[in-house]
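A short worksheet on the structure shown next.
Chain naming follows the written order as A, B, C, D, E and F, and within any one chain the residues start at number 1.
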Amino acid sequence: MEGLLNLWQATGVANLSFPALSMIAVGCGLLYLAIAKKFEPLLLVPIGFGAILTNIPVAALSEPGGLLYYVYYIGIDSGIFPLLIFMGVGALTDFSALIANPRMLLLGAAAQFGIFATLFGAILLNFIPGFEFTLQDASAIAIIGGADGPTAIFLASKLSPELLGAIAVAAYSYMALVPIIQPPIMRWLTSDEERSIAMPQLRAVSKREKILFPLMVLALTLLFLPAAAPLVGMFCLGNLMRESGVVDRLSNTAQNELINITTIFLGLAVGSKLAADQFLTVETLGILVLGALAFSIGTASGVYMAKIMNRVSSNPINPLVGAAGVSAVPMAARVVNKVGLESNPHNFLLMHAMGPNVAGVLGSAVAAGILLALVN
Amino acid sequence: MEISELLAQAANLMLTGMVGVFLFLSILIFAVKALSKFAATGQELEQPNVKKPSAKPTSTGVPAAHIAAISAAVSQFRQNN
Amino acid sequence: MEGLLNLWQATGVANLSFPALSMIAVGCGLLYLAIAKKFEPLLLVPIGFGAILTNIPVAALSEPGGLLYYVYYIGIDSGIFPLLIFMGVGALTDFSALIANPRMLLLGAAAQFGIFATLFGAILLNFIPGFEFTLQDASAIAIIGGADGPTAIFLASKLSPELLGAIAVAAYSYMALVPIIQPPIMRWLTSDEERSIAMPQLRAVSKREKILFPLMVLALTLLFLPAAAPLVGMFCLGNLMRESGVVDRLSNTAQNELINITTIFLGLAVGSKLAADQFLTVETLGILVLGALAFSIGTASGVYMAKIMNRVSSNPINPLVGAAGVSAVPMAARVVNKVGLESNPHNFLLMHAMGPNVAGVLGSAVAAGILLALVN
Amino acid sequence: MEISELLAQAANLMLTGMVGVFLFLSILIFAVKALSKFAATGQELEQPNVKKPSAKPTSTGVPAAHIAAISAAVSQFRQNN
Amino acid sequence: MEGLLNLWQATGVANLSFPALSMIAVGCGLLYLAIAKKFEPLLLVPIGFGAILTNIPVAALSEPGGLLYYVYYIGIDSGIFPLLIFMGVGALTDFSALIANPRMLLLGAAAQFGIFATLFGAILLNFIPGFEFTLQDASAIAIIGGADGPTAIFLASKLSPELLGAIAVAAYSYMALVPIIQPPIMRWLTSDEERSIAMPQLRAVSKREKILFPLMVLALTLLFLPAAAPLVGMFCLGNLMRESGVVDRLSNTAQNELINITTIFLGLAVGSKLAADQFLTVETLGILVLGALAFSIGTASGVYMAKIMNRVSSNPINPLVGAAGVSAVPMAARVVNKVGLESNPHNFLLMHAMGPNVAGVLGSAVAAGILLALVN
Amino acid sequence: MEISELLAQAANLMLTGMVGVFLFLSILIFAVKALSKFAATGQELEQPNVKKPSAKPTSTGVPAAHIAAISAAVSQFRQNN
């Protein structure tokens, strides 16, 4: 009997708290979105599961000696996992569309206004009692507007690790919601005529250009923004392995097994930061609101920039492609294509949107570097 | 720290950040254009949208459905242009 | 000449001890069983090789700074490797047969009597001079009866790390010997008539059931046995990745590259615990005897439980399938099928035995959780 | 500690453990049955034994020989039933 | 304005030093050799990129907390990465040609004279002011003559970590230059008649021999040179996994994903040792000269040994195959084949050269073991 | 330490090392020969140069170009002998 009593006292029922239960519900919600709604499942399945695991009472999976503790400290605290993901993403990215039309980089730059405006907004929130965001916190939150998971996780782990869970969840959730968030903004800011603009076909790009492109990006980073070197460097390494054509076995491994293994652990580690005491706070609410704001402003800035460029440029630019500047590769480019087809069923914008789309990845890595250089 | 002071810093950061991002990516535009001129000295050309055949074409990190959608779009694009 | 003398003094011949040589012979024996007899080669090849490496004099591979030392402390002492294996096994497991016929869980429960009876037996051994097993030791030894390698390694690393080598070797050896150990017990406890019983075809199982099953197992673990959460949680994560259908690239990596890499290192690390001074003891002899006992009792309890269920149930149950409750997936289920065919050449029991077989995996993880909760 | 005391603890553990295991797995039986009723509200059904096609069918963690044996058994099973 | 000033002060332009810039140029040079000239690209791409990353000012990627720092300390300082590469190489190596003609081992032994002569040469260099090589340094430099990347990295990390970058770069560069370095030496030391010698076809080798071979090599290492056990042991484990035929999934993973992942990180970590203050020294110049010397002496010794054997043996031996004894698998064997075809267009020496080629791998691992035993 | 002393040590190391390497590999020659005799007691024979079929034949760690070259050489070798 004593044994059964001891066993009872070791059960979860006897140790469950309401906050932990709420966070387990949040984890289940993420799993639901991932599995039933197919929202960024590659990340939300491990994050949601990690959220459940970390909130299981008694098991202490996120405390020293627990699996999630090790995974977090080895992979996130050190910055290693987001950098490996970035290397894999680099190996998966084709910059042809951007090299063929480099002006698209301006759209990737404009969309980063979502980040910096949100940074200001996060500090504004401090006027509301209960919010006390530092500049570090505000920067880490604002990077959600970069629409780039690994960049957000890397920056948050450096600037504001206690907000990492909420920031990562917001980033991936809004990336999944791109098809819902962006179209109304895009339609609101553009006329049907603008949305129908056809763009000239892209020129062919040589192998040499594709090999030298990542090296040039690295050179500029080295010269002008070395704080972005870890992120941009690993991204460029992945892309160079892809384009060089001489290390295909390394490139394939970076695109497949290595990124898969890292994704599982990264997701679990991010989920482990969804502990009740860290997530069930008024800050999380603020982060969710600010994240949505960041995405919206970024989309709008991209579209506006494209409208301006269309006016001053001789080559027509469909303003919709500006929305792809937030990155969220390749979802945002697909959304552009879809909204464009509504106005002109013969106008396929997908490849034209890939340029600003990958420019947005560089843009937010650059923005992260600036924040690291100035705020850290 | 006073919120007003923080706000000033945030505004400054906003300005510096956007200027920095635009500067960096603008330099990149010129660099890419220079690169293209340099590379134009006779090299085999590839179609920009043609994915190079990969050893494991089905696992490219983006959901297969996306790839299918993109491929469909590309082929339609070609038929229509 | 002095150089050659120094070199001679650094040779193994000049430093070999008889115990180390015996353990190298044990390692060669494991390699022989693995390669020539195909006994669990995936584990016994790296374990056997690790046993040889760790006993090479002078090289000090298992001492601080040596490769095996790092592998053991990073992977086993932390519990990470067995948990990763369990995730992979979860991604490889199909629970359809169990969901279609959940009563089979009772067979998986009954077979765990092998564990708890052996625990008692290990303490009984203390009456023999030379044995001084603590409750921790006894629990770690008893888990061999769970017929589940990663569970045994995980529990032993927590409760009784100095016995880990012998326990892991016993567990994998007896799992390989299932086709030899189980059939006589199964035939002895059943009549030819019982062994000929045909079971009704299993119903179809929906995708939704298969997705929700791992989540439900996790929920029960959370509520009633959080000490089992690391093991059961990683198992359920693997199974959810498999069944959800939205993260196939993660599931494939967990089933293949990740489990392969982990298996190589896990095996080497287990082998590194086969050092002479730890293995060549009277305790090892006791562990080997108790392990065989545990397997036999588990088999018998499963069969008995199935006989009882057959009597009280309206649906016929072939008592042989109870033997599969010890897990040892999928070997035990195949043995059931083979013994069944001897009595009734038209009666294919394989799928019916898969239910208790995977139930046995859950059962021993639950038993491990109970031991962790009460003995640790 | 005296062996007799250890034995008492081991006996207690044996009892508690078996009760615990049976309790846990019995609750799971009811949970699975409830789940099946819940899921029965109209979903596409799959055959329980049909393995879903996998990207790498040859490497499933269990020895290939076992898989071959299982497949053979399953197909025989179907022919005979 | 203050912000932009701060940002300027954080740029690379404001922090660049000439030495760092030179090392970045070295990194670009390695990338050029790898990509444009296809010189050992699998290693030189990550090494070259790592060299650039480590010399980026401000970013501090190789200082505590930086990615390259972690990768170096986890993988190289511990010796883990070269050992994993060696396991993979073992799993990729077919010893048939050597088992069929074991006398070829003498060629693999003779070619190691390149190592030991260079060791003497490195100490001789101390007469030139500016050089102060210890015996440890000299041994680590000399191992370049082994023409085996992982062996060189493993030994250098143990004996002379501050020279590791230059040693690894020299080793891989000269391995890539084998088709340029070796042929003149081979032609100079042999007559056209000797180069035309045809060798008898190799006998068939049984599976049992191939399985027992790695175990026998391990046994001899255990008995006579346990200091070589880490290197030889992991090599033999890989080869045993390959030949045993019972763990193909482990062997495939060791040959593919595991070696690829390790190669990326090993390369980056080696590159991280190409920091300006460590590489831009007169020692590096010495290392490059000594490395070329080591390769040349190794080639010559192999050829001479083959000439001697041809004279005393009843079976004809083409002296060219001696050059393959330096290892550099499979490049050196291909060079032998090519030079042989020049003299006799019907004489294919490739398979005959594979014997000394893999013997050279064993030979340099044995030499490394001797140096570890006597110098460490 | 004096350079001359270091030189003496290096010379000693050179001698010891070469003797050690030759001793080790010579013993291995005898061991392999013994092994071959032992193994000759009736086993299925394989061609020494026939690579066993691998699950992933294209990724064997050596550049594909090398493999192609080796394969070509081997097939030529067979035709010519």
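FYI, a contact is a pair of C-beta atoms (placed from the backbone, for glycine too) under 8 Å apart; a residue touches a chain by one contact, two chains touch by 3 or more.
Just so we're on the same page, UniProt names per chain: A, C, E = Oxaloacetate decarboxylase beta chain; B, D, F = Probable oxaloacetate decarboxylase gamma chain.
Fair warning: this is a prediction, and the values are worked out from it, not measured in the lab.
Participant: Treat touching chains as neighbours: how many steps, at the fewest, connect subunit C to subunit F?
Facilitator: 1
Participant: What chain is the most remote from subunit A, judged by the mean position of CA atoms in each chain?
Facilitator: Of all chains, F has its centre farthest from that of subunit A.
Participant: Any idea if subunit C and subunit E meet via the same residues, over half in common, or different ones?
Facilitator: different
Participant: Rounded to the nearest whole Å, what is the centre-to-centre distance of subunit D and subunit F, using the mean of the C-alpha atoms as each centre?
Facilitator: 49
Participant: Approximately how many whole Å separate the CA-defined centres of subunit C and subunit D?
Facilitator: That gives a centre separation of 15 Å.
Participant: Can you give the whole-Å distance between the Cα centres of subunit A and subunit F?
Facilitator: 50
Participant: What is the distance in Å between the mean C-alpha positions of subunit C and subunit E?
Facilitator: Their C-alpha centroids are separated by 41 Å.
Participant: Counting only residues that touch at least two other chains, what does the list for subunit D look like?
Facilitator: Counting only residues that touch two or more other chains, subunit D contributes 13, 16, 20, 55, 59, 61.
Participant: Going by the touch rule set out above, which residues of subunit A reach two or more other chains?
Facilitator: 3, 6-7, 38, 41-42, 224-225, 249, 252, 256-257, 370, 374
Participant: For a test of understanding, state which residues of subunit E touch subunit A in their complex under the given definition.
Facilitator: Residues 3, 6-7, 10-13, 15-16, 24, 28, 31, 34-35, 38, 41-42, 45-46, 49, 52-53, 56-59, 61, 65-67, 70, 256-257, 260-261, 263-264, 268 of subunit E touch subunit A in their complex.
Participant: Which residues of subunit C touch subunit A in the complex?
Facilitator: Listed in rising order, the residues of subunit C that touch subunit A are 78-80, 83, 211, 215, 218, 221-227, 229-230, 233-234, 237, 240-241, 244-247, 249-250, 252-254, 257-258, 370, 373-374.
Participant: Quick one: which bits of subunit F touch subunit C in the complex? Just the residue numbers, please.
Facilitator: 12-13, 15-16, 19-20
Participant: For subunit F, which residues count as touching subunit E in their complex?
Facilitator: Per the touch definition, subunit F meets subunit E at residues 3, 6-7, 9-11, 13-14, 16-18, 20-29, 31-33, 35-36, 38-40, 43-49, 51-52, 54-56, 59-63, 66, 69-70, 73-74, 76-77, 80-81.
Participant: Where on subunit C is subunit F touching in the complex?
Facilitator: Its residues touching subunit F are 2-4, 6-7.
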